[in-house]
Amino acid sequence: MSGAGHGMAARNLVEVRDLTVEFATEDGVVRAVDGVSFHIERGETLVVVGESGSGKSVTSLALMRLVESPPGRIASGEILLRGRDGAVRDLARLDNHEMRQLRGNDIAMIFQEPMTSLNPIYTIGDQIIEAIRLHQGKSGRAAFALGVDMLELLGIPEPRQRMRSYPHQMSGGMRQRAMIAMALSCHPALLIADEPTTALDVTIQAQIIELIKRLQSELGMAVIFITHNLGVAAEIADRIMVMYAGRVVEAGPARAIFHQPRMPYTIGLLNSVPRLGIDRAAQHELTAIPGNVPSPHHLPPGCAFHPRCAFFERGRCDSEIPRLEECAPGHAVRCLRWRAVAQSRGHEEGR
Amino acid sequence: MSETAPLLDVRGLKTWFDAGSGVFARGRSHVKAVDDVSFAIGAGEVLGLVGESGSGKTTVGRTILRLIDPTEGAIVFKGVDIARVPQSALRRYRREAQPIFQDPFASLNPRMRVEDIVAEPLIVHGIGSGRADRRARVVEILRLVGLSSEHMGRYPHEFSGGQRQRIGIARALAAGPEFIVADEPVSALDVSIQAQVVNLLHDLRRRLGLTLLFIAHDLAVVEYIADRIVVMYLGRIMESAPASELCRNPKHPYTEALLSAVPVPDPDRKGKRIVLQGDIPSPINPPSGCVFRTRCPYAIAECAARVPAPREVAPGHVKACIRDDIL
Amino acid sequence: MTAVATVTRERAPWAKSAARLLRRPTARLGAGIVAIFLLLTVAAPLLAPYSPFDQDFAAALEAPSAAHPFGTDQYGRDVLSRVIYGSRIALLSIVIADGFGLVVGSLLGLVAGFYGKWVDSAVMRVVDVLLAFPYLLLALIIVAALGPGLLNSMIAIGVVYTPQYARLIRGQVLSVKTTEFVLAAQAIGASRRRVMLRHILPNSFTPVMVMATLSAGTVVVETAGLSFLGMGSQPPSPDWGAILSEGQSYFLTSWWIATFPGLAIFAVVIGFNLLGDALRDHFDPRRRKE
């Protein structure tokens, strides 16, 4: 139900406070998302970076209330969204009917595998028009025209013919565009993109990224972009949020995360990505993070990353769960030893 | 460059698949997955084979291993043309050339224990004097890839993606091969695990003197591990050169676009991005002449006339492009 | 060298799988019925109050009572005992008929799927011919050729079931054939036989298990059907179908002779069906995470 503002900052479109999502499994209850908080402003791009088990996908599904329950459920927290009408609603408390009016309309989502997200027995046109009809009340020729406009906006050649194509008749990149067209047909204020380019070739990926950037500025949309690819994150992020084992471990402006990382996991990630054009003679060693991502059933005590951390301090890191602290304006980190980390990076950061 | 003959010399390789004839058939149509590919790998060298979907790179790898039969061409391994040898006589070769696959979930038999998976090459080739001896060898190989004997009795589904990939590598190394074809060995892994496995391969190659054909779509990873890189597009080779030379000084428009498309983990990155328009054409009906011309920003009329022959433009640097006035 | 984290320990895969299966209520009910059925076959001499062959004309056609809970038939034989001993014949029919279908069908399907090309075409045409017949007609033809009798009727039903197993295994083989671990085995240089037996067959088996369980019930019905028609077991065998057949003529006056074997068949079929359904859901690949 729409409350009295919930105390959300005026410039924020979405505020997530202390979100926890649990799953009931045979081996007990698992917290896929543990006390995650973040916000996103209008027109901003927030990139959520994480590997498998980080909880990044579940977080976005929770925002759309698409978490399968059972076995999953939003155990606690608030998901505040400022709707088209200016009212602030807590998505976690809405019922299905209310949520359906928002989905596709105020918030839209695109996924990794366009082939399985598009219904193979309907044409692209049918699927786009369905969304338009549902949310904008238009139908027939008006809806078709809007659909064609959308495809054109997305740079799909011969849009009128494409409206009559089936998903299997299109290439991977085209299908991804079609899916984006469907998602954006109602000009949502927020687009959630869950690894939309991971399954695409690198030249197609470049196209799609350019496209999302362009659409964002043309439509004034906010984007939550989930990826494990740091290069893609650098291309489009205004702000970055790094997740590990269901928690946010670092968040801040893109440049700060890349140039002044304070969480050893973030540093490890940055060091383990091979970069083009390196000087072979200087031998930039690919420093891998040792060990594996922990199973959510057996999270290490204290900081979940400590078994793999070069800055691990016995007695502290394995007993206390660090809180998110601000290490610089707008830059937060969940690490007890972030000051030591900052110091050790002194010369790399030119200090 | 060594004077001795290369370990593997691929010449004029073509692998075409039957695409079936239409109702109004004017002859059968083919998927030209690999269309006239030639390259050589010296002993101990790492050759990176890079391309996107439809480039034919996976097919090249599988054809070289004779998991697919070539339509035409020669695959000369240690002086013997493997392409001419019948399947039944390939056992010797199979001991010396092994694959590593992309999908750590699908490349291990879910019903076999780790010990049996890694021991299978030993059994097939009669290596080891009995069960105990084989077991000892398995333990040794597992240690080599960073696993331990306590993993031997378990099933694949009990391991993470990175660990499964290590098991796959152990299996590939069991019979002591000289040549490994690694087909996208890290693409399906998490970023932090990719680095682990790349480092492992790098290390194993050094320790065991392996020759490696590293197939991938990620140029950054390939540049890190490969000595030389071959770039493929739609079944043909566009360019080949020593790794750092190719990445710093590309001479083919496709390579340039590919390099430009690789996302760089640096928000301050400068430089214009070349974004190719259009989609990758179908390999059943590739464009005439240069297959890249439909998306090439530098294409001219003559590009459609003939398939560009590969030309050496600098020592060890070959490109398949008729233009010399660009790049 | 890089460090390696420990692998989480798990219970033995079989035990974990079976435990998870039995959490389903349908599995429990089905397994329960099947368990009772098997108990009857094993412990028949202990559980049956009388011999199934003892005749007692004085007690002929008696309604169910304390002495004869299922009543007696026209020869004074205790129906309960006959039904209990009949379970052994039912079990035999499952083993022989379902077993025949499974073994022969799987072999055909394996060969067809693995070798492909003309072998596949030849085998599949034979299978198609078999499938073209209505089951009863096919079974009767085979029994007519072999001669009536329990064993022959079971073999006939086995032949009837062969095509579905063949198709099932062939489909599985075709899909498993293209997986990467099979490719890896070929790359190692494993012989075709080894690839077939060590890699393809074990991974094609779960749907066969489901089919075998679901078919167990229907096999019982169908062999009973042949006996009912007089083509199966010969008197005085306590075959459920035969008892049903005898009880047919007395149905209006002595309903118990036909009813109880009918209920027994019914129960066994339900039991195997429930268990088979639960097994099928249990093996559903969508559940398979990890």
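All chains are identified by letter, namely A, B and C, in their written order; residue positions are counted from 1 within each chain.
FYI, a residue touches a chain if its C-beta (ideal position, glycine included) is under 8 Å from a C-beta of that chain, and two chains touch if they have at least 3 such contacts.
Every value quoted in this text rests on a predicted model; they were computed, and no experiment measured them.
Chemist: Starting from the Cα centroid of chain A, hunt down the chain whose centroid lies farthest away.
Modeler: Centroid comparison gives C as the farthest chain from chain A.
Chemist: Would you say B-C or A-B is joined by more C-beta pairs in contact?
Modeler: A-B
Chemist: Nearest whole angstrom, what separates the Cα centre of chain A from the Cα centre of chain C?
Modeler: Computed value for the inter-centroid distance: 51 Å.
Chemist: Could you grab the centroid distance between chain A and chain B? Build each centroid from C-alpha atoms only and quote it in angstrom.
Modeler: The answer is 32 Å.
Chemist: Cα centroid separation between chain B and chain C, in whole Å?
Modeler: Taking the average C-alpha coordinate of chain B and of chain C, the gap between them is 49 Å.
Chemist: For chain C, write out the residues touching at least two other chains, lowest number first.
Modeler: Correct list: 2-4, 8.
Chemist: Of all the residues in chain A, which ones touch at least 2 other chains?
Modeler: 288, 290, 292
Chemist: For chain B, jot down the residues that touch at least 2 other chains.
Modeler: 163, 196, 199, in rising order.
Chemist: Within the complex, which stretch of chain C touches chain B?
Modeler: For this pair, the touching residues of chain C are 1-4, 7-8, 10, 13, 179-181, 183-191, 194, 198-199, 202-203, 290.
Chemist: List the residues on chain B that touch chain A in their complex, please.
Modeler: So the residues of chain B in touch with chain A come to 52-53, 160-163, 190-196, 198-199, 217-221, 223-224, 243-244, 247-248, 257-269, 273, 275-277, 279-280.
Chemist: Could you list, by residue number, the parts of chain B that touch chain C in their complex?
Modeler: Counting only chain B, the residues touching chain C are 62, 65, 67, 90-91, 94-95, 98-99, 101-103, 106-112, 120-121, 124-125, 146-148, 150-151, 154-155, 157-159, 163, 168, 171, 175, 196, 199-200, 203.
Chemist: Spell out the residues on chain A that touch chain B in their complex, using ranges where they run on.
Modeler: Residues of chain A touching chain B: 51-52, 171-174, 201-207, 209-210, 228-235, 237, 254-255, 258, 268-278, 280, 286-290, 292-293.
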